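The first chain written gets the first letter, and so on, giving A, B and C; residue counts start at 1 in each chain.
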């Protein structure tokens, strides 16, 4: 039975914070990819052509309903064989962004559908052009509903980044594992990582709830 | 792909399904316990259950799994990998599920509680006979979403060398070197399991709705589940509703 | 005694003769800064049918909800059948009632709600039998027999096996009346029971209530906007305004020669 050592925590903290920086980068870039790609899916799924919506919805459902970890392995082991070689972090960002884009697509859809039909009718009654209807009427209203939900997915993605350790990205969990493998003392590294996750995600979620209250009225 | 490899995969599927069922059972117990505690009259009960929910929702399931597997033994409890995996998934998804339970309980019209008081039911009778039967059908669609998220998360157990589907894929990749085929096949296998789970949950939902005298909503020809339903949002710490 | 064999005989409580059954003593209820009931005093004798009238917001529904223990008074005491409703005596002092005491006194009171509040997860029969079986400890068969009798009384024998959502509003309300009566309460509270109904369904519900009022000894406390109904069933009418009883008397007196100016204004607005 070992005891908790704050001195040991002090020794390993710099390495763990280095890992945290990687974790934050993966989350931010992954979010950007998922926001953009999700919009592509959402617009494609609104297309009147079934030749487009059908394959897109299959792809989206497939990615959404299969494990991110396996998708990461797929990208990590298979892409190089096709001549596409990325550094591990880039592979991780692609994996996270792709996986979460299938969720953000649904967020966009719900946001747009959530604008009351009367708003479309009013815009038509005023003979607003289509572009103007979207940019001045629909999107600003959808935006309020969408932003807090997207924020929640960013937090969810943040909590999924430890999976990147499995494809050798040097995130927090990876750092904790390397330290532990060298010292055979798992308690402090893995506990500190767990606490850091709560310390970051809980206040962020409180901020998001505050933002949501301001935006959704 | 040889027959031996397929056998490997099907063993993996079996372990994955077991892992999912055990974790889901634990998660359901936690979700109802914590979810009901969150609606308690006593602030201390609400506070403690709320703290549980925030802690287990705030951390990463994988980190929790590693903690249970690697750190807990140092305190004197050695957990087999399967139990570390089940415990981590059950405790995390129990926390997510508790939000679903709480939301559904609070969504039952207050007038129903009043009618039950007017008939002199005890608090526990009110919960069991009036509130829960109306709340449970509302919980099933978000529970379906959580169950699929849980299924996806069972893949994490492969990192503890538990012989579930993803771990078997790793073995297959090492022995054949055919990464694209191996991972392609198991992705499809996961998709098939997810599809089957959704079908079963739909069936349960339909029966539950019928038991409260309501027609099930038309599924609008949707192949799968609606990810925007409360379940996936419960996964995110903010728990915001779109 | 009850003319209809289906009706609750036990409601013939020992004091049909006009002993005091309900007593409000200096009851005050506030919602935030708004005082809904202001040191209210009134009594209802057992077996009486009393209707509360008055402008909306005058606190009529609050009285029913206090009696049903859905609300607790901020000041004052309420007694039902000689027992304190929201308080109990411990060591000679009056303390707020515990859950157990409240539940015991509450069993004597039944309520029919504006929005029916049937349990959607139970069929009609179980809506009626559930509380008699699990609260009063009545046998299942006895409870079902009682329920069928009451369904006969409210004219819904054919709907035993339906869910509430399959019934019209008027039918649901009649089931709700049967459900309340199945507990054989001494007091029946009726909270604007026809307000949520389509006009053509009102008469059926009122007929049932009229029947019960005229053939039983059950004490009724009724909040309604149906003045003809009030006149027809009431022994006493209490006129409320701003949290106080400003006038009371027989329906003949209140409806034909009200003394108070506010009563006249109110009646001319609703009649």
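We take it that a contact is a pair of C-beta atoms (placed from the backbone, for glycine too) under 8 Å apart; a residue touches a chain by one contact, two chains touch by 3 or more.
Because the structure is a prediction, the values reported are computed rather than measured.
Novice: Taking each chain's centre as the average of its Cα atoms, which is closest to the average over all protein Cα atoms shown?
Specialist: B
Novice: Centre to centre, using CA atoms, which chain is the farthest one from chain C?
Specialist: That would be chain A.
Novice: For the pairs A-B and B-C, output the one whose chains share more C-beta pairs in contact.
Specialist: Of A-B and B-C, more C-beta pairs in contact link A-B.
Novice: Between chain A and chain C, what's the gap in Å when you average each chain's C-alpha atoms?
Specialist: Chain centres of chain A and chain C, defined by C-alpha means, are spaced 56 Å apart.
Novice: So the centre of each chain is just the mean of its C-alpha atoms; given that, what is the distance between chain A and chain B in Å?
Specialist: The computed centroid separation for chain A versus chain B comes out at 20 Å.
Novice: Averaging over Cα atoms per chain, report the distance between chain B and chain C in Å.
Specialist: Whole-Å distance between the two chain centres: 45.
Novice: Out of chain C, which residues touch more than one other chain, so two or more?
Specialist: none
Novice: Please list all residues of chain B that touch 2 or more other chains.
Specialist: Expected reply: no residues.
Novice: What residues on chain B touch chain A, complex-wise?
Specialist: Chain B residues touching chain A: 54-55, 58-64, 66-67, 70-71, 74-76, 148, 151-156, 158-159, 166, 169-170, 173, 179-180, 183-184, 186-187, 190-191, 194-195, 223-224, 226-228, 232-233, 235-240, 242.
Novice: Can you name the residues of chain C that touch chain B in the complex?
Specialist: Those residues of chain C that touch chain B are 68-70, 99, 103, 106-107, 109-111, 113, 115, 117-123, 130-131, 134-135, 162-166, 179-180, 183.
Novice: Where on chain B does chain C make contact in their complex?
Specialist: By the definition above, chain B touches chain C via 109, 111-112, 114-123, 125, 129-130, 133-134, 211-214.
Novice: Name, in rising order, each residue of chain A that touches chain B in their complex.
Specialist: Within the complex, chain A contacts chain B at residues 1-2, 57, 61-62, 64-71, 73-74, 77-78, 81, 102-103, 106-107, 109-111, 114, 145-146, 148-149, 151-153, 155-156, 159-163, 166, 173, 176-177, 180, 185-187, 190-191, 193-194, 197-198, 201-202, 204-205, 208-209, 212.
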